[in-house]
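Working notes, beginning with the structure itself.
Order of writing sets the labels: A, B and C. Residues in every chain begin at 1.
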Amino acid sequence: MAWRDRGERVAAMVGKEFRQIFRDPRMARVIFVAPLIQLLVFGYAVSTDIWQTPTVVVDHDESLPSRELVDVLTASGYFRVVRQVERPADLVRALDHGDAVVGVEILPDFSTRLRDGTGATVQLLLDGTNSNTASVARSYAERIIRDYGLRAGPATAPAVDFRERPWFNASLSSRDYNVPAVVGALILLICLLLTSLAVVREAEIGTLEQLKVSPLTAGELIAGKTIPFALIGLVDLVVVTTVALAWFGVPFRGNLLMLLLASLLFLLSGLGLGLLISTVSKTQQEAFMTTFLVFQPAILLSGFMFPVSSMPAVFQWMTLLNPVRHYIEIVRAVFLKGVGLEALWPPSLALLLIGGSLLAFAAARFRQAARG
Amino acid sequence: MLNWMRLLAVARKEVTQLRRDARSLYLAFLLPALLVVLFGYAISWDVDNIRTAVLDQDQSARSRELLDAFRSSGYFTLTTRLERSADVDRLLDRGAVSIVLVIPPDFAEALDAGGTAQLQAIVDGSDANTATIALGYAGAIVQAYSARVRFQGSLAQLPIESRTRVWYNEELTSRNMIVPGLVAVIMMIIAAMLTSLTIAREWERGTMEQLAATPVSRAEVVLGKLLPYVAIGLIDVVVVSVIGVFLFGVPFRGSVFLLMVLSLAFIIGASGLGMFISAVARSQLLATQMAMIATFLPAFLLSGFMYAIDVMPAPLRALTYLIPARYFLVVTRGIFLKGVGADVLRVQGLLMIAFAIVGLAAATRVFRKEIA
Amino acid sequence: MTAAPGGPAVSADGLTKHFGDFVAVDQVSFEVRGGEIFGFLGPNGAGKTTTIKMLAGLARPTSGRGTVAGLDIMTDTRDIKRSIGYMSQLFSLYGDLTVDENVAFFTRLYGVARERRAARRDWVLEMAGLTEHRRRLTAELPLGWKQRLALGCAVLHEPPILFLDEPTSGVDPISRRTFWDLIYSLAEQGTTIFVTTHYMEEAEYCHRLALMNRGKLIALDTPTHLRTGMQEPILEVRVPDAPRAVEALTGAPGVIEAGMFGRALHVAVADVAEAEATLPARLAEHGVAVEGIEQITPSLEDVFVARVRAEGGAPVD
């Protein structure tokens, strides 16, 4: 009987919450349109690939092989020759002005030395200001030049034949890696914002007090406030994942159930943090600011944009406390590797522990705040 | 025309309100410092200490020689030795290592017979960026080793040698790329999170009418409100630069004066934009949200701060031309890393000044309409 | 769940609440009988709202005891919440829900039995006079209507005790009158009503009245007894220039207190006959002509001022 009453009260809260959400036409936009736009912008903007990198060439040799080398570079698609210049000084100018990122200088004796096997030389100049573009461009350029040399030079087989086999993402496209992570970031943002704003709004307009004098317990209030946003989070998960698959053509090799399980565990953290933010914020404005303050470092230290393995050891340890890190690890593995719980139980367990304690802590603080 | 006493009275009031708001202070001073430390120390794209597993089926002096070459390069950390090829799957599935080197049983035999030995690198391609860079390093190491074996160490004997020089950011560290750009991002945070509140707050609290009833002029209010944020922005420029240069060794090769002048112009523009949004939104919550979308996110994602604009699809690339931070980033990176001066940055400099004028005009204009 | 028969509906015994160093409510004790309209009167900041919040389970007392419907306010807050209705000075229904939706929400929240819901809803809409506006968004209603709806939502579950914290603040006088009619009809049906107000004329409607100032209870009786129990007689003096007259009379011999009351003066005096004789002369000295002077029954405001004076302090305002 008592449990039926409880269920009734929580259902009343959830129903009321949904009514309010969908009464405001702006909310529908916030919930469904904004994540899609963010997915598109992030999906396209967050890319560490290089493509058509602006390149300037100084060809002192002007021979068939030298032209062939330039053709091979551009044919790869990674480089685009924006200008052929005469003097090395022009190459410097182009880099200074940011007109080109890569400079290729082919020395005068290129074709002769290539032919007689005395070793030809190509000078590569890179604008390192964008360290990532430069690293990747360098890696591609050196490989293309090496391969060309082996093909065009005297027929000497290399001592070691190096075979590369990229797994999980054969085309080495960063989009396949980043788009699944965007899903995680978006769900976190939705949970943090909606939960914290919804609770703080009630406090702001005074209805929270009205709820507190009713038989509704703090636990029921928390359930009533989090369940709608958990559901919305899941719907967003489906929408964003569908678009990611259909629009960006990201592979999905894993199990939907695994993704759902991980998302549910992750929602615990998102809702817990959202609730926690609501307990430290008096106005919706403050809640929004605090959300930003929490979201920003959580994303930067998640491995979404910057790999965890490149962080100093201390920070790598710290990221273990970051639920976003674990969720993104799972999402990427489910999308690209197609692995299941047998490989992903450690991050899943971490999500459960972090989410559970966050939610418990938030609920305790919320209860405390509810009593005057 | 301007009455300085009134202008300063408005500015002082603004500072007093800021001082009482812990969140705003945190955003204005602590977050910028935190971001520099994060980007300067904790997070990067720099690929080193690549976790590597080895399946050495040869166990010869030759294979050990090759592995030593990998180890001594500093990029690879050999963490695991595998016994069976079946273990490769498991290891990569769990994400325990990023690359597995497979040395076949006949490795030494083939090399010593003057033939071609095989080396296979299986790489976890899900992180395309790390994978590409790691493969680049591995290819170079194998090439050098190969040359050593075949030609007794003379690299010059290779068909083509790439001599790569990296300019501006010689070590290719992402820190050098990010820290100069942070100035722009932080300014946008201030514009989005602090400036966007000033006028909306006055409307919400009803103090705007009070202000309008005093002899204070429109320009005095706008400038008086702008002054504190411009000051905060300039302080942040100095703090970020000093921490970046002295603590993290980011190069500073250009003119301090030029940086300060153009930063000032950018800050005025950004704050003006923030105030414009504030006046339009009239509600603090709406203002921050709008400012977030209009200022911070584009500066973060579409300015080239982290991700190269070149690889974005055409519509997104077109959009970046409307984003002031894009041009400001050319300025800060040019001054920090390239050491270029006003001659190279002429266009960007003029755009900064135009941005400042547009920002101020927008703020003043919208404000007039609101009061009337 | 219900009060012990014959026991008080609400009782407070030494109820105290501190906020840091500030004592908001100081050793307040009283009892409210079942079915009565019990008023709490005092200026803003007197501690009325804090007292009501402690009784409704919204704030924990620093010390002291209290019961509501026979239940302990320290330990039985959950059960108390089922027995009370509460309406605060701040309008606190959901503006973005319709009248119907608000009512439906609170019926479910208070666990009104499914088969009774429709009847209760209709009764509330009827009572609040909102039957024709049930599909309108609550935010669009005039304040007076909103307050009636809020009252309706507070009594959906037919609570034996109703707490109303300045229910009519900001409402126009006509709506205020209608609102009090509703309170009376609820009381007639047996609901105990605990109401705070700072409108003196509203206080007259209460069966019994507690006067609060600076966190302390300074008087408790029926409005009539409070008035007749006042020791100093009150003279109403009609003058053309009231502020000047107050100045002239303050500190004059035989005058305990002089204050403006509407356009006239209320003067508490030690002896009526003597004052009636001396006051016109005193006022004339200061150039104020007296248009009329007579002894009146003290108003509640007079009582309040006198009680505060007796406690030796000025009212907070």
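Just so it is clear, a contact is a pair of C-beta atoms (placed from the backbone, for glycine too) under 8 Å apart; a residue touches a chain by one contact, two chains touch by 3 or more.
The structure displayed is predicted, hence computed values, not measured ones.
Because contacts link the chains only in sequence, without closing, their graph is best described as a line. Comparing mean CA positions across the assembly, the chain most remote from chain A is C. Spacing of chain A relative to chain B, judged by their CA centroids, is 15 angstrom.
Centroids built from CA atoms put chain C at 59 Å from chain A.
Across the complex, chain A meets chain B through its residues 41-42, 44-54, 69, 95-98, 101, 114, 117-136, 138-143, 145-146, 148-150, 152-154, 156-170, 172-174, 176-177, 283-286, 288-290, 292-293, 296-297, 300-301, 305-307, 309-312, 315, 329, 332-333, 336-337, 339, 343. Taken together, the chain A residues at the contact with chain C in this complex read 5, 8-9, 11-13, 15-16, 19-20, 23-24, 205-207, 209-217, 371-372.
The part of chain C that touches chain A in the complex is made up of residues 53, 56-60, 78, 81-82, 84, 86, 88, 90-97, 101, 105-106, 108-111, 163.
Those residues of chain B that touch chain A in the shared complex are 23, 26-27, 31, 34, 38, 41-51, 66, 90, 92-95, 98, 111, 115-133, 135-140, 142-143, 145-147, 149-150, 155-174, 176-177, 193, 197, 284-285, 288-289, 292, 297, 301-302, 304, 306-308, 310-313, 316, 330, 333-334, 337-338, 340, 344.
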